[in-house]
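The structures come next, written out as structure tokens.
Shared between the two complexes below is chain A, which pairs with chain B and chain C, respectively.
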Partner chain A sequence: MLRLVMPEAKTLRYSIEAISNLIDEGSFKISENGIYMRAMDPSRIAYIELQLSRDSFETIEVDEEVSVGLNLGELKKRFSAAKPSDYVEISMDKGFFVIRFKGKGTTTFKLPIIEIEEEDVPVPNLTFRANAKLRSSALKEGVKKVGIVSDTIKFILTREGVSMVGESDLGEVEFLLERGDEDLISLEVEEEAKASYTLSYIEDVVKATAASEVVSISLNTDHPLRMEFFISGDAGRMIFLLAPRIEQ
Partner chain B sequence: MLSEIEAEIRNCKKCDLWKEKRNYVPGEGNPKAKLFLVGEAPGREEDLRGRPFVGSAGKYLTQLIERKLGLRREDVFITNLLKCRPPRNRDPTEEEIKACSPYLIRQLDEVRPEVILCLGRHSARFLFNEMGMNFSKISRERGKPRRVRKWGKEVWLLATYHPAAALYHPELREEIETDFQVLGNILRERKTLMDFFQFGFCT
Partner chain C sequence: MSGSVIRVPSKKLAVISSLMEVIPGKSICVKCKGTKLLCGKRECPILVKISSYFKHASSKRNIEGASPPSVFIGSRSMRVSIQVPNEKFGDTSVYSNPEGRWIHMDLKEIVDMRYELIGGYPEKIEKTIDEIREINLSKKSVDVEMTLKRAPRSKIELSDEIQPIGPSAPLLEIDYSQRGSNRSVEKVYYEEDMPAREAIRFLYERGESVYDIQRVFSLGMLGLKSKRRIVPTRLSITAVDDSLGKELSKEIKSFKTIEEIRIHEFNALGNRFLIIMFPGAWKYESMEAWYPGTTWNPFGKRTYVLSDWEPFSGRSTYAQIGGCYYAARLAVLEKLVSEKRQASVLILREAYPEYLMPLGVWLVRESVREALSREAVKLEEVKDLLNFLRYKLRIPPEEWMKNGILLREILQQKRITDFF
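Entry: the complex of A and B
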């Protein structure tokens, strides 16, 4: 028996959209505690982890934990067909992952479950000395503005605020959230930090901001970036790590 | 020495392709290249000139190397799985690959690159298998860099479509260029998350 119900499709829709841009196939662990998945992109530049606790669901009925391998590109297409406000029900039927949307009528998709080679994914164990919590919409705005000028984004966390900076032959751009800005919820900086990252990875993952109101950003100089998107309050989270871009 | 391998190739009669070819095409480039590109086999223009990737597909490949990677053609090493042109550019046979591929392996052993780019399904299948990995089809395997242990170091192996495919199927251009973008990221960003993680594995 496996049946999960969410009152709105948007959480899964936008989370899957963000993940599917980084990895092609994913293995979801589904249990009475919720849905969990973690993976690294093939180039080992990015790591992503999705946790949707049982509080994310209206109903959760799972006899035993199962691992469900799915093609994420195909899963994304199915969820793109749903309206964010659609009611969504998930079940399994003879090798198929069954997704039912109820909105205008009832749509039932059956997606083949695929076998995925279990890969050793290291458990990230990083500590950060600069942390900021901001509204996800502000992160999205900063990423968008840096993208006008550059394909690289530099994050700078100081005691005064959070900067996102882009530089290229086309010029420079800085998006600044100063301490006290209502979009900057908290800022804890033991040691100021700055590091550059490939923008395209971040552009992919900020698509999750549609399912998240708050994101925390953690940084050490020239070390991986950690972003944690809080989904539906504290019921779910998506953790994203990205290797820094260090020019040789 | 690469020059010794090249000399052997120029006298090779291990399969029948030598009979119909005009020139052997051993490959060329920087003997200390970080990036090693492997195509399928010489085409008409390559056969005439004795150099790899000098026809229309080669022109496109050179553009990709320069524009997407910011490198010059002479910075990289370019060769093919087969060193002689198969008649009418037909697919290489298993026998031909078996006979010719030891040259490629030896060239790789000499150059010891950090990144190997397979251009097309034939070189990708051969090199994936050679590195102990399964290969299903190019549309599924392309654009996903793999870390392999080789020559006492970590090496990247990546596959994309053969540049000639883009000439006949322009819709593949975008995918090839995306793969070169990934390749550019690898070449520029030598650090991956694995360089920072405390290793504790779980599946």
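Entry: the complex of A and C
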């Protein structure tokens, strides 16, 4: 028996969209505790983890834990067909992953489950000395503005605030959230940090903000960036690690 | 061969870089390449000038020969011309299918051959379209007799996207002898519920060349019945390259990545192509540099550099460098599919003044295919790459880096695993 129900499709829709931009196939662990997935992109530049606890679901009936391999591009297409407000029911049937949307009528998609070579994805263990929590919409805004000028983004976390900077032959841009800004929920900086990243990875992942209101950003100078998107309060999260760029 | 042993002839390089200023493509000609008429004129003055060299009169109104088969549909006129090489019979496929052949010819040979293809376009297409389609169902060249309304205008049309197009005139009568149909084409032609993307893929998997697929696509011979229409040749080339490219890129994204940096090279007709494959996720960038004195940069003193790229998730807007972006992408994906590998791929093309006139995107597609069929130089480390590029190309790597995305990223980007 496997049956999971979510009152709204948007959580899965936007998190899958974000993940599928970086990773082609994913192995989802489904148990009575919810859905869990982690993977590294083929370049080993980005790591992504999705946790949807049982609180994310209205109903969760799972007899035993299963691993379900799915093509994320195909999964994304199925979810794109849903309205964000559609009711979603997930089940399995003879080698198929079954997704049912209820909104305008009832749509049932059967998606073939694929064999995925179990890759040993190491769990990155990193500690950060600069952390900020902000509204996801502010991150999205900053990324968009930096993208006007540059294909890289520099995050700078100081005791005074968070800034996102872009530099190129076309000039410079800075997006700043000062301490006290209502979009900057908290800021803890033991040591000021700055590092640059490839913008396109962040643009891809920021698509998840449609399913998340709050994101935390953690950083050490010239080290990987960690972003944690909180989904439906604390019921789910998407963790994203991205390796930095270092100018030679 | 290792990159670290290559010594850069520094004196030569210094001269070149002092002579040339490299800037991002700001010239309208380099962006337009005769396709969009950004200058506001009614005809591209560059193309008119070049094509005038090829004028020679032809007064024949009765044309007899074996059509490869071949058609041309003008972007603005929307005229559908059936093309026949006069007095040439038997297998004439070389006139329309460049695969494996044209890149080994010289420029004059190609243009002269294309000049021999005479086009006849019906003034009322509805009356003749079924016959034109029937000719294009054929697997082999079809003997055709055409009576034209007047002698064809002795003009050759040149374009960056389409192979040179010979003279044409209105068609009065057409007669042809029926030959055996191409079964695969016949299947998609009569299959009216198969979406165009699937039909293109089907033909490709059956081994049809992209040139033949593009030809039947342009004649509205495949796809859902309600969506079939006649499409200009230029558009159909990119549509087929893009459609196949999207399909193949889906396939390679789950493959393992290559392990080392590979560089493939091919030089053809005044163009140098370097195809650089890096270990990593699928990503693609195509860059081209037009030297002063080349077709699209005839009067400049600077070299123009253009770039277009797409991340793992693909692109949704049309590439500014045009059809060659999609043609080269297809060639690269074909190679990766055949090896069951993925990679980040950068194409660097330098077009020199010896590239006297545009010949069409087939040149890019076939050059990249040829390059990839040859053995690669393999490099262990990214740092060896810069020296290698300095030695191979006239434009220094710093300029490529400044004007593009991928090379800079490859040099700067760390991996997560570096921090465990």
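By our rule, the second predicted complex is superposed on the first by the 248 of 248 C-alpha atoms of A that agree within 3 Å, B and C clash if a C-alpha of one lies under 4 Å from a C-alpha of the other, contacts with A are read in each partner's own complex, and residues count from 1 in each chain.
Keep this in mind: a residue touches a chain if its C-beta (ideal position, glycine included) is under 8 Å from a C-beta of that chain, and two chains touch if they have at least 3 such contacts.
Everything numeric here is computed off the predicted structure, so don't read it as measured data.
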Practice task
Mind checking the superposed model to see whether chain B and chain C fit together on chain A or clash?
Solution key: clash
Problem - Partner chain(s) touched by A:58 [first = chain B, second = chain C, both, neither] - result: neither
Practice task
For A:245, select first, second, both or neither according to whether it touches chain B, chain C, the two together, or no partner.
Solution key: both
Exercise for the section: Considering only the touch criterion stated at the top, classify A:21 as touching first (chain B), second (chain C), both, or neither. Expected result: second
Practice task
Determine, under the contact definition given at the top, whether A:178 touches first (chain B), second (chain C), both, or neither.
Solution key: neither
Exercise for the section: Scan A:223 for contacts with chain B and chain C and give back first, second, both or neither. Expected result: both
Exercise for the section: Scan A:73 for contacts with chain B and chain C and give back first, second, both or neither. Expected result: second
Exercise for the section: Mind working out whether A:93 is in touch with chain B, chain C, both or neither, as first, second, both or neither? Expected result: neither
Problem - Partner chain(s) touched by A:121 [first = chain B, second = chain C, both, neither] - result: first
Fill in the blank from the handout: Contacts of chain A common to chain B and chain C in the A-superposed view 24, 40, 42-47, 122, 124-126, 198, 200, 223-224, 241-248
Problem - chain C-facing residues of chain A, complex - result: 20-22, 24-25, 40-47, 71, 73, 122, 124-126, 151, 169, 196, 198, 200, 204, 223-224, 241-248
Problem - chain A residues within the chain B interface of the complex - result: 24, 40, 42-47, 118-126, 198, 200, 223-224, 241-248
Completion exercise
chain C residues touching chain A in their complex are 24, 250, 253-254, 256-257, 279-282, 311-313, 342, 344, 402, 405, 409, 411-420
Problem - Touch list for chain B against partner chain A, complex - result: 144-147, 156, 181-182, 185-186, 188-203
